[in-house]
Amino acid sequence: MNSDIIKDFERVSPEVVKQASVFAASILADVAGRRGTLDGRIQPVSPAMRLAGPAFTIEVRAGDNLMIHAAISMAKPGDILVIDGKADRTCALMGSIMINACKQLKLAGVVIDAAIRDSLDLREIGFPVFAVGANPNGPTKFVPGRINWPISCGGIAVAPGDLIVGDADGVLVVEREKAASLLEAAQKKEDDETARIAAIKQGKDLKPKWLDASLRAAGLLKEGETL
Amino acid sequence: MNSDIIKDFERVSPEVVKQASVFAASILADVAGRRGTLDGRIQPVSPAMRLAGPAFTIEVRAGDNLMIHAAISMAKPGDILVIDGKADRTCALMGSIMINACKQLKLAGVVIDAAIRDSLDLREIGFPVFAVGANPNGPTKFVPGRINWPISCGGIAVAPGDLIVGDADGVLVVEREKAASLLEAAQKKEDDETARIAAIKQGKDLKPKWLDASLRAAGLLKEGETL
Amino acid sequence: MNSDIIKDFERVSPEVVKQASVFAASILADVAGRRGTLDGRIQPVSPAMRLAGPAFTIEVRAGDNLMIHAAISMAKPGDILVIDGKADRTCALMGSIMINACKQLKLAGVVIDAAIRDSLDLREIGFPVFAVGANPNGPTKFVPGRINWPISCGGIAVAPGDLIVGDADGVLVVEREKAASLLEAAQKKEDDETARIAAIKQGKDLKPKWLDASLRAAGLLKEGETL
Amino acid sequence: MNSDIIKDFERVSPEVVKQASVFAASILADVAGRRGTLDGRIQPVSPAMRLAGPAFTIEVRAGDNLMIHAAISMAKPGDILVIDGKADRTCALMGSIMINACKQLKLAGVVIDAAIRDSLDLREIGFPVFAVGANPNGPTKFVPGRINWPISCGGIAVAPGDLIVGDADGVLVVEREKAASLLEAAQKKEDDETARIAAIKQGKDLKPKWLDASLRAAGLLKEGETL
Amino acid sequence: MNSDIIKDFERVSPEVVKQASVFAASILADVAGRRGTLDGRIQPVSPAMRLAGPAFTIEVRAGDNLMIHAAISMAKPGDILVIDGKADRTCALMGSIMINACKQLKLAGVVIDAAIRDSLDLREIGFPVFAVGANPNGPTKFVPGRINWPISCGGIAVAPGDLIVGDADGVLVVEREKAASLLEAAQKKEDDETARIAAIKQGKDLKPKWLDASLRAAGLLKEGETL
Amino acid sequence: MNSDIIKDFERVSPEVVKQASVFAASILADVAGRRGTLDGRIQPVSPAMRLAGPAFTIEVRAGDNLMIHAAISMAKPGDILVIDGKADRTCALMGSIMINACKQLKLAGVVIDAAIRDSLDLREIGFPVFAVGANPNGPTKFVPGRINWPISCGGIAVAPGDLIVGDADGVLVVEREKAASLLEAAQKKEDDETARIAAIKQGKDLKPKWLDASLRAAGLLKEGETL
């Protein structure tokens, strides 16, 4: 096998995936250092779609899906195909045949920086797909690419095995080694936000406690001044 | 308080807002001289959302929402936050905490030239938010900006106090001083359009009466010729 | 009449339109040589919208719809207005009045490389419209353009009379002379895909039979090697 | 030969090309009805480059130049290759080898809606190339496309044989049948503009004579009023 | 005269313009609060072009220059035309005739959020023009717009009379009332930068003195730690 | 030191850099598998600029350059700063002070997916800088980011230590481990291209020998047929 295809890599653990999957991507992004989310052009085919799992990475040239076919046959249950399709919208790289295969093989989702097709079918199948819109045009199937090398997808570097979490807001990538360390902070963040929203709904603390200090630090309020 | 924050400004009157709120943004845009609507990238989080009110303007640097927190604490019930977020989609500047606070404080809506997050929650809250898509990534909270200076949002100049009207088609800005003068023409325009559509549905006047004359004026038909 | 307006042209036959209309745009695009679909920026106003028919082509300057008014009065039942609006999103070129007229005149749809307005009304009317988003701003109505000359729309050349097919994935253009020859292949393609999906759902042939050979041809597998 | 390749087509005459080549693209665009110029993303590799000749049209899929190689071997001296490269900037479709061949074969220029490479060499060779920037990445050479079908390039429909004129401002396309009829008007336009500029340089008629009337017609001046 | 045209407005003083004109736009942008520069799409036609003066603002609909003709006849020597052309690149709004008139009338420059033409001539004329590229296509001359209302240009709000400063890096807008107050700080900033560069060239202070403290404040270094 | 800053990493060897630096980026991209070049938006500040060296990677949030200051103090002679600036063009992240420091410290170049300023000075300094245009606006200097983590720059994943090569066509990234293995093939490729161009200039082999076979393989020529 050509060195452009890498078969073995370490995946973020199923336990970490399971725990991460209950959080909103936004909560995890906050505790991951406010970075790591794909460009907003990559959105779920249907807003209810969610996914979590290790990245199985694919790089193709614009308009060809040969490597995605290979990847579907190589990926393991629970994997998420993360595909650098060069943000091309002039043709679709996946449709209902391939997404049905992904579902049947128990993959956990697809994140693709390119267009898909059969979008109504995809909503019905219910398998989570995040993409850059739809186009009826089909791909070619014979151009070489790479599998499980680090890629850029939606402006973010993704390594095979990284944790991928996606929901209605978009997709987050967390380095495999860092994923486990975020879970506790994520729970705390979620609890804090829930409490904060509850307070706001009761009309309490509508002005954040840190606000005046931050405005002072930014030079917008003078010492001692409040908003 | 630093001169970058302006507290007091004149708002379009509640009476004008109330009367304007019953019209489609498109009707008002027509009588406002066929100008003043934000770029189509700024869309409602849910198509049913509508808003009308005076602009409370905010300019931030890409990726930071300190000034939006300040603005929420400063705005008055009925105000619409209009935010120049530099069209950045690499992170969200607002989410469910801030939007809940806006609702609790009885603001009338948010128009933001940047991304938001917690988009499913935002649909549920029902508070009208118009934005450039979603991203799970969070903002920083410490970079200075400006409040209630004239801004550019979606390619249109907006002054504090201007009338903002938004619906499924997008957002219109009308200068405060001109807003009242449009209402009568808007009503007439709406009546005319309703009558025109009723006629069309009955198969009458399918060809506009002005068409041949306009084609002649444009040099497409000769004198006396009809389509 | 100025030579910029062409009245007579040959249309793809109603029989071919009827037969083509039962296929997904993606199926037809595949058998048309994997080309001919408009850029993904042009999407249906509502995902359930579908259309099929001969192209009635219009070229306007950005922001003016005089020629579209002329076209509505000239087009025949079953025609699809295909409009090069220069991909402009700063104003709408069509709204509910014009779309009601199109429906009343039994046109078969509108494909426009520009924005529309009254988008909620358009969903209700149910007449198929494919466009580049919405904007409340209105057009001017007096700038000359051309009717039934070859145009570029969404990055694809369209001649008057060409077959247009659109669905939730987007819009396909097929040269008039080639349209009839695709129908048999389209049926075969659809049958094959249906069978393929049925097999996949039963867990059969999840790996495409051609895959190893293609990977070998692309230099990714050595002679005799399989994935 | 597959029907995707068309060998024979009628070209705008060498005499018309010769006469057109002395005019600025802008002058010809004006008399051609203020339309027909490619999107501003397509610019000359060096501002001094100029070209004029009949279009030899090519459509490729993003990132592959097989059909351009075929086209170079098929085109006739004086032809201009006009290539729909789908506006892709992730790789170059032509470089110094191919451009040297074009020059040796006495083609008249290349207009490509995609990137090129070897840009410094191209400036030295001096053969006129108009493209969408540069990228060091190379193309594949095996994906089918079409030759001498109508294409869309830079948002404009181009038919084989059409007149192409390019200079520092960009590229104009004129339908073959219309080209000859523009030459006289172009000469008159150029003479008028030369006279107008000479007058302006002498401080005469700085305000256009038509201006007040046009402002009145547009409703900006009242009857009798002047600027 | 229609209220869409405003004749009289207060300009930033010639003295302030003169003093501001010696600074780089970047120096002035720094002391103006690191804001107020137009989007990078607006660049000088030639990198040596510089301009400084009060804004004379114009808003047009995409593709029409009637209002620019009116503006040239209305502007005063030293004025800079700042034109919201809606970032359109499908046609040019100005060329050598109009720019020669601007020069003859002793205007100080043009900043236009749209394309120009006759770009080689414009470099020769030497009158400073900042634009979004070139296109040979011409404008129409009959669509109403506005003169000397606040506009958005390159994503920044501009009021008539504001200070405009442009050089090879791009264009800065400073509110008229604030302009005078920046000059002293600009001189200090320039002196500091000159001294800083001189030190660096001698190998002194290559690491900024503030760096460790800022990294500590940002949480990247621990208390007491240095880079 | 916070784990967001990584100090030590393995660099592609100086010997490999030296040998690679004599090749055009396009030659190396070809033998690297026709991939790995940054998006065409990243161009040299002056076309004569060239660079080669190991990547020192930096990720910032849009509009802040704190981490770039840290990086300049940490990088070693010969390093190339490769900066993910989120493709933002609303402000510059580097100017003449920082580039003078880079030069003084004998860094080998800067590749930045963002804007720069002082562009005329930068051309004079002669230190190679590749960027996304210019903007006079300045950055903030206090937002945390990361140093020497894998980044995405111009749509390509870059790891610290990777080989970076840039010239007038743009920038190529080669994985550190693969760089040495490309040199021999690059020399052969260059020799072949030189010979090919020499032949073409003598009018030999203007039609590539492989062309007919490739057209046959692509289904465009029948068995036995030639172009």
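As written, the chain order gives the labels A, B, C, D, E and F, with residue 1 at the start of each chain.
As a convention for this text, a residue touches a chain if its C-beta (ideal position, glycine included) is under 8 Å from a C-beta of that chain, and two chains touch if they have at least 3 such contacts.
None of these values were measured; they are calculated from a predicted model.
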- Task: Provide the labels of all chains in contact with chain B and in contact with chain C.
- Result: A, E
- The chains touching both chain C and chain D are A, E
- Query: If you tally the C-beta contacts for E-F and for A-F, which one comes out higher?
  - Reply: E-F
- How big is the gap, in whole Å, between where the Cα atoms of chain B centre and where those of chain E centre? 27
- Task: Report the inter-chain centroid distance for chain D and chain E in whole angstrom, where each centroid is the mean of the CA atoms.
- Result: 31
- Query: Where in chain D do residues touch two or more other chains at once?
  - Reply: 4, 34-35, 61, 86, 90-91, 140, 142-144, 155
- Query: Which two-chain combinations touch?
  - Reply: A-B, A-C, A-D, A-F, B-C, B-E, B-F, C-D, C-E, D-E, D-F, E-F
- In the complex, go through chain A and note every residue touching chain D. 61-64, 86, 88, 90-91, 140, 142-143
- Message: So in the complex, the part of chain C that touches chain B is made up of which residues?
- Response: 1-2, 4-5, 66, 69-70, 72-74, 89-92, 95-97, 100-101, 104-105, 115, 117-120, 132-144
- Query: Which residues of chain C touch chain D in the complex?
  - Reply: 4, 33-35, 59, 61, 84, 86-87, 144-146, 149-153, 155-159, 175
- Write out the stretch or stretches of chain B touching chain C in their complex. 24-26, 28-30, 34-37, 39-41, 43, 47, 155, 167-172, 193, 196-197, 200-201, 203, 206-208, 210-211, 214-215, 217-222, 225, 227
